[in-house]
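You will see two complexes here that share chain A, one where it goes with chain B and one where it goes with chain C.
For the complex of A and B:
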């Protein structure tokens, strides 16, 4: 009844238990990896993109824009005019006034770590997934467009007209805000975003910023890169080199 | 008083018939599944009654957590319950009058909001 564990026994039992737990735990990990789509995304990953503006030609950017339009089904709005037209990804020209060097940027949602759009959203429709992808929950969006005001990159657009035959994976509707989703439906399947796939060179690299063996992580370690408006401390997921 | 009773009974009977009548627009694939005797939904009464809850649960899981399973996905509902127009070989939208979704929603007078954003026919190229 009064049997007490001495130190040696205690260590023996403990190590046996630890090994047991470790075996079970590794089993769980294996099963979760086998069915990635059935388990929620975690913050062990952070998806990002590195855009090399020296390698990216204007034609490449046009290709990226049309690939995005084709994949997500925006850009053929009939009644929206001028600023009403959606633009999930834009071609931007920036010029260094001192040297006259012109760079072409592909500008889309920067997938900030601290997204201002999420901060200001009154209904929690603007949200950041655990793996760093910033999305709009259109089920909750009331179309107030506060997020559009808050975004420093002008990345979001508003749907002004009734739409039909949207893409199966990308519901879009009048009265809601939308922006680049980093092709979340493809990323969840282990594919790369449509714009990245459209570029033939390695001017755009997509991957997990946290994974030390990923190409994007390796490249970011070796080349100079910048965030647009880094002064805002948003820690963007999209990085640029060559600007 | 008797007149009221008659009206009431008529309504009761007609509503009972409305619930027991066969769905004319179940959709081609769904009809063939049903005819083959296979069970897709575990219980018809449950799926009829709480399909909005299933969809709401699924939509949050998918959008916010990236859980992408076929079960209770709206995409799945549409692709199975859609009808094809035999004359021009085109899909009919599930929310068009007389089609699967709107048929029931109209009858019970519940607005059908999903399809202001979601696609009403299966994806292009699947014809």
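For the complex of A and C:
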């Protein structure tokens, strides 16, 4: 997997490493930054995930949620109530009304090709990288929450309180919006997202959707898969099979 | 319309200072609330990750919508050349600017990062309707301020009609933008209807005129200036037409939604089984804010009665706030349809709960107070009000 980085991320990285890291604990520096690689991110890749709901157990999903929390540091807010706490990834149980079949799945930012959150964001804080990963630049986010109104997947969270003990690679901030980053800091180093790594089976496959030799590409060619709210034509990076 | 004399109000009475003090107290309470919410974070509010726009947005959007409508009178005077309304143009522009200032104060102070306002003014995503609105709101201040200057400066009066035309066009676009914030949200079943843009325009006509009538009647009553029936009855009729038009648009919006099977869930929720939202819709929005004012304005027993017109205006304002509550909060409370044909057993779904916290309510009311205090101060500072609106002075249409 190539390490990729665009100019924007490079500038962020340089400033973040000199100023940002020291101020993370105070919650002032809020941007997501990737690796120190200087190769720009291009649209030759499209990162995606295929979640097989027939193979994914409830324990797998619990593990994915925990891994995400541990990796990114959300979920230990002290004052926020249940509906106020961030939820970057949710465990959903869905029943088919006709057949009664119950499916369990993990729901996170779907990393749309045409993300409504990016369209509506007044300050360009919501953005999509060339490789399809949708992020929030927390330096630009004014906390208007319009992206949350526009997201068809309820995938975004608002930080309702001051945060402590943040992860160095994932500065977050009170009054800004956040969501799944597809572990961009790991992906840019050639690793897989924490939630994917936590699943022992091949119930979740991560990779480059465009790469014909990738497992995700090959599997998607052979199995029936679906996008959530496919009617909206958002061409999501996260695909599901078995629902 | 040659001999209309404009004059500041004296503004030295105890009542004047009591009004300023009372409104000032409300504005301070709003600022204190904003500080409290900003200092602690939004967890002290009733908002959540499902209801992300709460009571402050209800007030903010109400005031912004009403601001556009408050310019009605000036527009009718300038665009349609109705001389009866010409003496009221200055006040119309003032009320419009004041309401917009109040609305924007609430909107900005409810941001997660109000300290980053400069970013909102310097970083534009031109695809975002929100970004368009920032430009439209700021532009509205400029356009109406120029219009007011042309009205005030005698030598420039001749250009005021053209400026009025620009202001008229601007406010129509502005309210289209505000309605489109919801009208183009594909995610939520309650929104995503292009009719919301014209519906917001007609809502602005009604809410803004109701505000204007109340301020007009109060300022003339409290300063003992003559305000006779020709003007008031015209405004009353206009208000009645607008209120009926709002109800018409609401009916078309809901009937149109009911026609589309995908929206029957949310329509049932708002119209029939949505608990508080259904009650607010029928009792608050329709009966209190729509039908009752219509009866008060048109029924022979109450027609022409100023107290009843005042009551109708108050009810339209309360009904308007309720209407925005139903649209904004009700629209978010109803869950999104993530999996058509499937039932979500766990993890998402159900009606989201929301109850506004006191700081949110104070912040909203503070926006209204700021608008009124601005009008009160400025009519003392500058000659916005005609000395007399007696029939013989005003009736020169």
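Rule of thumb we're sticking to: the second predicted complex is superposed on the first by the 207 of 243 C-alpha atoms of A that agree within 3 Å, B and C clash if a C-alpha of one lies under 4 Å from a C-alpha of the other, contacts with A are read in each partner's own complex, and residues count from 1 in each chain.
One rule holds for everything that comes next: contacts are C-beta pairs under 8 Å (C-beta built on N, C-alpha and C of every residue); 3 or more make two chains touch, one makes a residue touch a chain.
Quantities reported herein were computed from a predicted structural model and do not represent experimental measurements.
With both structures placed on the common chain, the touch criterion links A:72 to neither chain B nor chain C.
Shared-chain residue A:185: touches chain B; no touch with chain C.
By the touch criterion defined above, A:84 lies against chain C but remains apart from chain B after alignment on the C-alpha atoms of chain A. In the superposed model, A:94 lies in contact with chain C only, and not with chain B.
Comparing chain B with chain C, more residues of chain A are touched by C.
After overlaying the two complexes on the shared chain, residue contacts for A:131 are found with chain B alone; chain C is out of touch.
Once chain A of one complex is fitted onto chain A of the other, the partner contacts of A:164 are limited to chain B, with no touch recorded for chain C.
Of the two partner chains, neither chain B nor chain C is touched by A:53. Touch criterion met: A:176 reaches chain B and chain C at once.
For the contact definition in use here, the residues of chain A common to its chain B contact set and its chain C contact set are 162, 174, 176.
Contact residues of chain B toward chain A in the complex are 59-61, 63-69, 75, 116-124.
Chain A meets chain B in the complex at residues 37-41, 127, 129-131, 135, 137-139, 162-169, 171-174, 176, 184-185, 188-189.
Taken together, the chain A residues at the contact with chain C in this complex read 77, 79-81, 83-87, 90-98, 102, 107, 116, 118-125, 140-146, 148-154, 156-162, 174-177, 228-229, 231-232, 243. For chain C in complex with chain A, the touching residues are 38, 40-43, 47-50, 52-53, 111-114, 116-117, 119-120, 123-125, 127-131, 134, 181, 185-188, 332, 336-348, 352-353.
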